[in-house]
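So, here's a batch of structures to check.
Two complexes follow with subunit A in common, the first pairing it with subunit B and the second with subunit C.
Presenting the complex of A and B:
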């Protein structure tokens, strides 16, 4: 069987069992849960501090009515960060490289913000489709453009995450293969390729965290517009 | 960026009172009018009777 560079993105099935379910639930086991004791240990306290600081920062521009979204947004952030970071380890599968999964996360949440906006404050939500001060002759075309940009939001959210992670994983595999192939032929070039691979891995760690943050931040912005 | 425009500094008359790009209701009405126009155009082309070619005696 000929292997190609896209085989790493195939959803793994072992003896008929889809392992993506395991890939999705395993990160949950890695995070410590607070105990019933009055004082938590240092790890749990640190985790709690990061989560509460991040929640405050994320929900700072959102109105009070949107604060009920805190739990879903923060848990989504932790979920995406853990999936992305775990996927950087060798021989692991990254569920967020699957477009179906990212669209499945993005579309319902985006649609929820749109429906909430139209239900709670329809005038406000509809007026967002026409920027203030638009010249009269541009009004119809701008409304059409803004409507298209609204509808394309969940697609952009899903594809952004998928493309960033897929491209990163592909690059790592390509440069690692190049370093391996060049090692017996041109060791000096292979050495520089390995340095490049090291910096690329650092970049991918940053991208893994940033893309998860951007996903959640954009959802909070869409919520801010509609609440 | 400026917040919502309450429309207090703009005094519109006539049709501009309801369709403008400065007040909240004006922008809403422009959006609804654009959507209604698009639906009307789509319905017009959908329901337009198709021209049948003339039947000639053979």
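Presenting the complex of A and C:
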């Protein structure tokens, strides 16, 4: 009985294929390859504009060596934004609600930044474990704390994305159920619930975009420290 | 003078008998689906390429047709993408129907 609200996060299987397979491949259809023409269609031009503005914004603080990461970071951003936004449509499945997927995206990228930093400039990378100007007696404790904070970064990245999206979807389902059940009983209250649902949906759209952005931004920050 | 009467035939580039300007008949398997007569449907299905490569080529053709008709146009509107998303919602509903019907039958949620 109580399992019902969490059933939306289990990908249903049809003819042997789970819905997550369709949900993961759909963003590829929505971003067509730019043609070699000077003036492309409206969709490609709009997408190109957003992508170039965002790339410029994201890579501004990163030094030249980090620009090699531009392609993977921007692809990741496009992937996450499209997955999150598509999940807000009725009956669709959001793959980013699965912790396994988010950890799978976060851990290799974070580990790559750490290994690159330790390999290329170990002293500089390790110096991040101790902020400047700490009092001497705090040094041992602070190093331990900073190490733990470093290790916990991929977990934080993955769980942040999962939790935000899962909570949003659950809230939408709960409030929608409440509005639906109240409609025959107390129409006025149902009306206010529907207004609440409307604002919640707007919030979810914002959260979808923001969370993807935060994910990629933090990765670029970790890159900046270590490159 | 005789060249004037022969000029249409010379301009066509090949000799065609008058009254028979139609193309040679197309083999059934290569016709488009809308041109296949009902009786020929079995033969058409039998002649199509159902190997993985064939299926990929067919999806690529279908995608290109949709893209060039609705999206890759000078003043494309929201219709192109909206149809795609509506189709996605419909397919997701179909995928989840087995699960959703239990929600309808359930007494307590």
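Simple rule for what comes next: the second predicted complex is superposed on the first by the 223 of 227 C-alpha atoms of A that agree within 3 Å, B and C clash if a C-alpha of one lies under 4 Å from a C-alpha of the other, contacts with A are read in each partner's own complex, and residues count from 1 in each chain.
Keep in mind that, in the parts below, contacts are C-beta pairs under 8 Å (C-beta built on N, C-alpha and C of every residue); 3 or more make two chains touch, one makes a residue touch a chain.
Fair warning: this is a prediction, and the values are worked out from it, not measured in the lab.
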Next item on the list: Give one word, clash or fit, describing how subunit B and subunit C relate on subunit A after superposing.
Entry: fit
Next item on the list: For A:124, decide between first (touching subunit B), second (touching subunit C), both and neither.
Entry: first
Notebook entry, point to check: Does subunit B (first) or subunit C (second) touch A:30, or do both, or does neither?
Noted result: second
Next item on the list: Put down the vertex angle at subunit A formed with subunit B and subunit C, C-alpha centres only, nearest 10°.
Entry: 140
Check: Looking at the overlay, what does A:136 touch: subunit B (first), subunit C (second), both, or neither?
Finding: first
Note to self: Which partner chains sit in contact with A:93 here, subunit B, subunit C, both or neither? Use first/second/both/neither.
What the structure shows: second
Note to self: Applying the document's definition of touch, where does A:19 land relative to subunit B and subunit C: first, second, both, or neither?
What the structure shows: second
Check: Hey, is it subunit B or subunit C that touches more of subunit A?
Finding: C
Check: So, A:199: does it touch subunit B (first), subunit C (second), both, or neither?
Finding: neither
Check: Between subunit B (first) and subunit C (second), which does A:144 come into contact with in this model arrangement: first, second, both, or neither?
Finding: first
Next item on the list: Please indicate which partner A:7 is in contact with in the superposed arrangement: first for subunit B, second for subunit C, both, or neither.
Entry: second
Next item on the list: Superposed on chain A, how close does subunit B come to subunit C by Cα atoms? Whole Å, please.
Entry: 46
Margin query: So subunit A touches subunit B in one structure and subunit C in the other; where do those two contact lists coincide?
Written below: none
Item checked: subunit C-facing residues of subunit A, complex -> 1, 4, 7, 12, 14, 19, 22-23, 26, 29-30, 32, 35, 40-43, 86, 89-93, 177
Notebook entry, point to check: Where on subunit B does subunit A make contact in their complex?
Noted result: 2, 4-5, 21-22, 24-25, 27-28, 30-32, 34-35, 37-38
Notebook entry, point to check: Any idea which subunit A residues touch subunit B in the complex?
Noted result: 122-124, 126-127, 129-136, 139-140, 143-144
Check: For subunit C, which residues count as touching subunit A in their complex?
Finding: 63, 67, 71-76, 80-81, 84-85, 88-89, 91-96, 98-100, 103, 106, 108-109
